[in-house]
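Multiple structures are listed underneath, in structure tokens.
There are two complexes below, and they share chain A, which is joined by chain B in the first and by chain C in the second.
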Partner chain A sequence: MASTEPVLEVRDLVKHFAVRRSGWFGARAIVHAVDGVSFVLRRAETLAIVGESGSGKSTVGRMIVGLTPPTAGSVHLMGQRIDQLGRRKMRPLRRHLQLIFQDPYASLNPRMTAGRIVGEPLGNFVTESAAERRDRTAALLSRVGLGAQYLDRHPHQFSGGQRQRLGIARAIATRPTVVVCDEPVSALDVSVQAQVINLLVDLQAEFGMSYLFIAHDLGVVEHVSDRTAVMYLGRLVEIAQTRALFRAPQHPYTQALMASVPLPDPTKPRLTLAVEGEVPSAIAPPPGCRFHTRCPHAKPVCRTEVPPLRVIAPGHEAACHLLSG
Partner chain B sequence: MADATPPAPHATFGAGLWQAACTHPTVAIGAALLALIALSGIAAPLLTVHDPQAIDPLNSMAPSTAENLLGTDHLGRDVLSRILYGTRVSLAVGTLVAAIATVVGLAIGILAGFVRLLDAVVMRVMDGLMSIPAVLFAIALMAVFRASVETVVIALAIVEVPRVVRLVRSVVLTLRELPFVEGAIVSGSTLPAILWRHILPNTLAPLTVQATYIAASAIIVEAALSFLGAGTPPEIPSWGNMMAESRAFFLLDPALTLMPGVALTITVLAVNMLGDGLRDGLDPRLQGRL
Partner chain C sequence: MAARGHAADTPALRVRDLEVELGRGTRRVVAVDRLSFEVAAGETLAIVGESGCGKSMTALGVLRLLPGASARMRATELTLGEIDLLSLSPEELRRLRGDRIAMIFQEPMTSLNPVLTVERQITETLRVHRQLGRSAARARALELLHAVRIPDPERRLQQYPFELSGGMRQRVMIAAAVSCNPDVLIADEPTTALDVTVQAQILEVLLDLKRQRGMALVLITHDLGVVAQTAQRVVVMYAGRKVEEARVRDLFANPRHPYTRGLMGSMPRLGASQGDGPRGRLPEMAGTVPVLDRPAPGCAFAPRCALADARCTREAPPLVAFEDGHTAACWRADAVIEAAHGVD
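Moving on, here comes the complex of A and B:
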């Protein structure tokens, strides 16, 4: 279903946050949240970004939609560079680039009705007429599985899943080309997650949107995404077709990540990988390959040289010295 | 995970006010008392037949009679009618100062919270204004301009504005980081629309509470200024003036000084009750506890 036409491209995206370490006179420290991430999102494709908390995946999403200014690198939407546009020039492009938030509680204004929340992007881009906006809002609500009778309710009168449906309705209101889904189901009950995921999949089939799907739940990712990118400490370590990545993960970190997924059948033998220790601090990331401190196969070169992302099979890239060629 | 439903915030500000009045008796009592006081000030000509400024030297320092319910002062003026008319000055000063300080402070606070370049400059100016004592500033203004209720209002409003600015700015700084404001940015709303739809409605609750405290403090400071002779001019009956004029006769008839003081105390108490009740009733963190 996905074509090869790129709709979103990020090049060497970097985000460093300056923090002060201890007290007023403490040394300034820099958190390397994202360090040189590049990828392409194609039309009608779902690209998942997975990684542990602190891997920088959400920061990538926020930089793409312009909520966090990148330290370096560029973001291109349908061929146009958007990361340096000011608020004013960015505004008209926002109808093509939307965001679904992780927290369905905090992302909806508690004092606004469902109709006004979903109608906000419509009023900004689609129609000036209040009556038309109301009709379209009602249609959007029913499209995401909420009836028009919910128009005048306030967010606190909805359940978590229903609130996330409102967030989805708001994001698709302008028929965007790209939707960044920032952990859209991780705040929801497991029983509700599947419904929301299926809604997202159905909407993509209907409108042909591209999803950048940020998640840490590999089960969800395997179900929804065409391609998957794995992040570790601010860097991409592997990117491939989802099926290939899940069948044969190449990077040692990806292998460890896959091995950590709980299996439905506990008696089944599983690949155990000895990955020990904690994720190193992003304030002082390890030199060379960032995974070398925990990698069971680390060699001397891993400690000094940064492994670039290399094509190891058609459509399959990994950043590891052990996988050269 | 998402089972813990956070307390439902009030959908609209008006609904919040109404619910606060219903659940917090101090709001209802304070508001009722205040309404009564305001009514007695407005309807003063109907409640008394005496001109508060009419001098009757033959009937000075008279005790309570059917004709003069609370007696007369050293110039033979009816004390009850002076207290009733004095309500007008106190409430007008309290309301006007609160309204002016709130509106001006809201505008400056929102700008300071949203425009980074303005923030540092505006806040230093506000810090400077805040260091000026209200009474001293008012006396200085009186020395430059003529003594009038308007000058009192302007002086007190200028001193109160920084407090509102600080409050609004801190609320705006908190709000602008919230996901629903980011959601509005992503939805393509312009800055004025975001301020109007998302920021302003969420500042009203703390602002209302702050306004009541400003009103209470303005009423007291006005009385103090009038008592010092630097506030409401003597031709207008006000509680502060009454206390100042009757002070010399305190040993002869302490009630002359005490009665306007009691009126002042009840009024400020009513305003503070309203404010305290609203603070508890409108605070989303305290909701659901009663």
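Moving on, here comes the complex of A and C:
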């Protein structure tokens, strides 16, 4: 069960990308991918970040693991600020922070055998004999449901689900404290998805890791997470205990998101159009509340003033002018 | 507009014993195996299954759009209303596609022409099939863009696909597909690449068009939520075969095939955390979808099936009819129901 000890904290994370609007000589424009996101991940907890494309959820994950430098703000792992550490200073901490990708194929070196892929990460941190490493690697593979016969195979010889198991084995090889899971099951078929979700949940119970679980599938998020954060156009709009959030979503965007999911039950009411339009461009995000252009309840203040995240119930925060009493 | 007249008992599309074969010799794969279904005017039939089950190959087989020499299709019957598609020449077929039967795909970028404006994408079909003049076609294109509820339709006419969002591209593709009022629209994973709020809008557009025009809609999807909210009937496919067919309500209330039941069980459902007690494990189906180049004699699902017995691995189960047009291909269909009620 999750404790209250924070293992990862992000403060006011911002990511702006410079792009050219069109052509070689087009005007430079700024993509506001992430704009002031803060949260805490506790020990042995799963915090989900959910949102649609353009929400910035994956960029948050990439900044945390150091794949892209933040424009502003900070990332703290087990009390230590890590976003400005160089490669060398980061090395001893690296084993505590691992990443699982959406597309395991793109993240696995096609020339390496499964044994090397899984054996290498910890090999960077411990000294061991070749035989010891092989035993340890075989044990890891078998823990994720891949037998010893897979040790010498290459990624292309695995199915999608097996590759994701391999990616998971690599991530947990160093016994990390925090694992950032970026859409870990969204490329998988439903039946395989269930196997991988169960594996992630079992491994967490066994090793006590914390997951930052980035996903767009609300059913999956509700199943795996203790708390859920909802992002829209680069900002956090709501964060709460998962059960409370799914029982009574407070932000109009969260409500729209949940109402849009088609339920696998033909006796439930037909789809109702929860929200019109699409996510606006992050190049010129709407002023004020970024959701106001699609919000059915928007008031004048929503167009001008950015609503801050406010506590609306114990452990439940939302950023909406309509919820401020 | 009302559905075009054919006898009330003639389905808009009827497919009998469709087979699609890919590759040759030792690399031969039966992607679709003796598949039969029909869909009536104004009806939505969902074809559901996981990747590799043959659902997209079914669509391409019906439209006879399979890639050249490497793929072959056969059927004992393939009729569009009164038209026998099997007897048509390639040229006659080409004239029918886009006119009486149309298709939309998951990723509109691959089927929209990147160097043509939205206006051209839509009017091309109209000018070929309906011999409309330029201004008449333009007016019709605008009307269609209104029908698919694209924002700012006048401006969209002059834009290129890359200037549009994924949702808008899908709207353009739908507009082009329904431009000639087809009797049958086949939609292959039309919302899979879209965000969930946009998916809801696109499904709404598709269902509205179907209602207004009395089209038959064949919706190919992997998402049981989409099936439940849009279709009247469902065909469940596994390893190239139809393993179950039923009215949507019957399928969800009373799935007869262990694979269907497994699919429903392994899908994490919204609202599931609201029950009492700790979070449970998701029910798993062991293993993965079989590779079709090494077909085993019995039921293709047997290696993953908890109920399988000796006969299941020996003999392929035939489709058996239960009540109300509910059919399933399972030797243990009765045990499925018993097992379910034992658990409930």
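Here, the second predicted complex is superposed on the first by the 317 of 325 C-alpha atoms of A that agree within 3 Å, B and C clash if a C-alpha of one lies under 4 Å from a C-alpha of the other, contacts with A are read in each partner's own complex, and residues count from 1 in each chain.
Assume a residue touches a chain if its C-beta (ideal position, glycine included) is under 8 Å from a C-beta of that chain, and two chains touch if they have at least 3 such contacts.
Values in this document were obtained by computation on a predicted structure and should not be read as measured data.
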| item | value |
| --- | --- |
| When chain B and chain C are modelled together on chain A, clash or fit | fit |
| Touched partner set for A:D135, first chain B, second chain C, both or neither | neither |
| Chain B versus chain C as contact partner of A:H154, first or second or both or neither | first |
| Which of chain B and chain C A:D189 touches, first, second, both or neither | both |
| Touched partner set for A:M112, first chain B, second chain C, both or neither | first |
| Inter-centroid angle chain B-chain A-chain C after superposition on A [Cα, multiple of 10°] | 80 |
| A:Q98 touches, of chain B and chain C: first, second, both or neither? | first |
| Partner chain in contact with A:E9 - chain B first, chain C second, else both or neither | neither |
| Distance of closest approach, chain C and chain B, by C-alpha atoms in Å | 5 |
| Chain C-contacting residues of chain A that also contact chain B | 159, 161, 189, 192 |
| Touching residues (chain side chain A, partner chain B) in the complex | 65-67, 87, 91-92, 94-95, 97-99, 101, 103-113, 116, 120-121, 124-125, 154, 156-157, 159-161, 167, 170, 173-174, 187-189, 192 |
| Residues of chain C touching chain A in the complex | 50-51, 151, 165-168, 195-201, 203-204, 222-230, 248-249, 252, 262-264, 266-274, 279, 281-286, 288-289, 304 |
| Touching residues on chain A, where the partner in the complex is chain C | 52-53, 159, 161, 189-195, 197-198, 201, 216-220, 222-224, 242-243, 246-247, 256-268, 270-271, 273-279 |
| Residues of chain B touching chain A in the complex | 1-3, 5-6, 8-13, 178-180, 182-191, 193, 197-198, 201-202 |
